[in-house]
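All chains are identified by letter, namely A, B, C, D, E and F, in their written order; residue positions are counted from 1 within each chain.
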């Protein structure tokens, strides 16, 4: 496992993230235009969804898909409860802040997922193509779970009907599922047509995208530090390092339980371990505007994302290999 | 040139709330507004910038409404109901407009 | 022809457009940043112009070029007259609106042209490289034609001198012709240098671009529906389905008449059939500001573009093959 | 700090008309303005947004001019000649500026 | 709806000076501002536009501050110290704000 | 050398620049969105830095690196003095304007450097990978030198401490050095992973980027002409044609002096010859706001950049070959 970790730390992907982080912490004016970053994330979602669909078209579909989605949805509903309880114990966060953070950790980070795919491929594994559907299915339930936690703690309010539609149809879910279905329909032949676009340059785009993630995470950390660092206590930071291991462990168990391949188990672990930093923050701004965005964004993007990218991914791969006896 | 007194209301609000705000405005009978992009800012909730998009999911926007003075209260009530729990600011200025039939 | 149509409907290109359309109609917040969409369209124009120029460098130039351009210009001048007459008969549009719509149908849609190129290539055809020059030549005449129609109907006004320059030198014409000339000058050797950029990823970029077109078209349709749907009567919508067939038919005849290859005839049909949605709308906002943009954009982008992309292209291909006895 | 009374004229207009407007302004002797991007809006001609660029070829922009009060009429006449047949709004506010020599 | 008198200060300045300006504002105790992107403009130093980025390294931005009237002078002094040697304009308008506790 | 020059003039790169220039001078509305242009420049910097690092990983490092950086830094400090003296003699520029221009010519233009790399490769040369580090090192010293010239001429003022950090950590330096280090660490294996992204499409992206440069330069020239053309006297324009030859010559000598390969000498000449148009203008706006940006931008971007791209690069290549006896 240490070899894996070392190789991962020295991959262009992780180094690019590190460069972004460093540049931001040094207050360099290096920035990637918002439109370009959004363009790259659209590219990555489209490519990964499409390739997942093609894999399903090639290998056919089995009960595994339904089981995996079911397990994923359960995880997404359940993890926030664990996260919330943990936060209540080890951090001084308010109920609202703790619930908002919990929503992030039940949901998933698609970039972490993309990076994990890249790691599985480097390890010669071929995860189930439908894992992208599982990823999409896990985005939203955690939000409902967190709102329920808030309500149960006496601070609930009616959920705006429109919000649910917004969450379920948010851009990244629609693009992921849509390109998955397109890949499924067009199959390997469709892939041949566009693979020079979605396969060959994929890793390079991911590197530049992670450079931007590093910049954004670094700026967030700096802003947090400037704010006196009081926003986050040690308990909360410990949470952001422990929770991915819990989520990753449960994800791996769930994946192995529903009979996924080693690559699939690794991806399931990653989904459990990763924390949203786009869809859930947006939903929280609408549903729980009083929760402090610095808290959940710093934890999710500033602590857990780098942790997963550097240490988590090799650990989940190792876990998957161990569980599946590979 | 003939000018007509009006009010200019400038609402700076999170981008995720834009649709909700404009729907509330439309609900209150306000049909004219212009949305400007915002690059960054600072307020009680700290400093943010569009490129370091941490702290404001998707950033903020500025919604500018020109309106006949007698319709100001309706607009503010509608806007306030949306803005109330959210961060952001509302600024009202006296102004004059050409082509009053448009407001 | 049905096979062609079915294959086309299930191509990644058309499915991507459909995904965009669906996402917009479901009110998903999926969007492609304006700058990225514009970047993709610059890429597509540059690539198609360059490749056209290289094809001319390879095959040499003949009288066909001048004839094809002549035929295209005539079509672009003539089609608006047909369109205007048809609209006056079957729709309730005002003179100004009808003339504005007519300008769009005389002119061309470069994305439809790009998609058509991709269809001809899939069919193993090698259209004349100079068809991109024909496309560029057909953008502007229709606008003059429409302004003349307005004047003849007693609503004319002096045409601003600057407008003509703006139309003739609009960005897409300049880029298309410019890259065509560059491709011509540098020839196959120039292509070798940059083909990994302009050839390999071309189809994938086109897919993402069509996703954006679907989003934009879908939002337009939705806005139109919200507006009470009163903007467009049935006659106008029927027009948007009939007119491309007329334009496509005349285009095919013209193409066969000047002796183009089957691929060239297919592209000429597409140029006749397609309706502008960028250059002409901009010109109309300046020259005929009272004409309602919802009318011409909904017809061109919301009805005719999807029609051409899905049903039109295979039909024009079939027509070209029939006419050229291939 | 010494302030000087001035007028702030804000013209929201289609992007295709921007050059024509600023040329008209320059023709009327106005040499200072700032152009702001517009993301979307609503008016008599409906709702539009930059991302769903249907309805406004190329979107709209906002041209802001700060000007000495006595020059306002010339500016409005020049602007109105361009804006007249087109969609858009014009809003005039009293303001104060520093460094009057610039206006 | 309860409104409170305030001042709206709009500072158009080169993008390279933005951080220096907001730091000066913060230093003068001003904690709220909004930064708007600028697409182009014209002034004594000529015409420029963001796409033909020659003439203004990195373009300009507009910083808008809403502030209690009694704090205006402090703000202007701080801003002026930064703006002084640089191109750009400052425009002050009377306005009203909701939620006065924010300013 | 004439062959070289002719081949260069007809390369897609130069023709694309010419197209942009022409489009702008004809007042076409062709524009490349700012975000896309910035995205392309990030891509180019990342790719060139990374490939430089990989080359160093492959060939190992030697005393040449330190010597070349030393020579580059000296050039960057020294060239502004020459430039300033020359300007004082042959142009009517004020002290402030002359110093600002001098800063630009001591510093470097990274796009010219990228174009030069492409020329060396076409010539079958393999310049030292660490030349990108030399390029990064040469950006800043010229600024200090120019400020010192101002001070010596009695118009100095205290340099803001923050400005130095801003210059040294400006985005392009950080990205160039960062990706250089990443390429160095990951070596050829890292390159294999992402070469479909950073190698294959490189030249095509460069073409589109130069198209944008042409547009920007053309608009600048047009604005300058409109301004009555009085901003620049003949002496200043002569300077912008002579100075690159001086800088290029000294760069070539320095490169040959420290023992660089022919490709390396050519790149060193290019660094000496090229004038900054991003980093230095930004620094000048902060440090010398009274200096007129039209002056330094028109000279650097409107005169020297096109000169280097078309005539300069083949000349520096010829010079390098001559000096190194190749």
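In this text, a residue touches a chain if its C-beta (ideal position, glycine included) is under 8 Å from a C-beta of that chain, and two chains touch if they have at least 3 such contacts.
No experiment lies behind these values; they were computed from the predicted model shown.
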Most remote chain w.r.t. Subunit C, using mean C-alpha positions, is E
In whole angstrom, what separates the CA-based centres of subunit B and subunit C? 39
Where subunit B and subunit D are represented by their mean Cα positions, the distance between them in whole Å: 18
Residues of subunit D that touch two or more other chains: which are they? 36-37, 47, 49, 93-94
Residue list for subunit F, restricted to those that touch at least two other chains: 31-36, 39, 200-201
Let me make sure I understand the interfaces: which chain pairs count as touching? A-B, A-C, A-F, B-D, B-E, C-D, C-F, D-E, E-F
Per the touch rule, the subunit F residues reaching subunit C in their complex are 10-12, 15-16, 19, 22-23, 26-36, 39, 200-205, 207-208, 211
The residues of subunit C that touch subunit F in their complex are 33-36, 38-39, 42-43, 46, 50, 165-166, 169-172, 174-175, 178-179, 181-182, 185-186, 190, 193-198, 200-201
Quick check on the complex: what are the subunit E residues that touch subunit D? 12, 36-44, 47, 49, 60, 62, 73, 76-77, 80, 89-94
Applying the document's contact rule, which stretches of subunit F touch subunit E when the two form their complex? 24, 31-34, 162, 215-217, 219-220, 223, 226-227, 278, 281-282, 284-286, 289-290, 292-294, 297-298, 301-302
Subunit B touches which residues of subunit E in the complex? 1, 3, 6, 8, 22, 26, 31-37, 61, 66, 93-99, 102
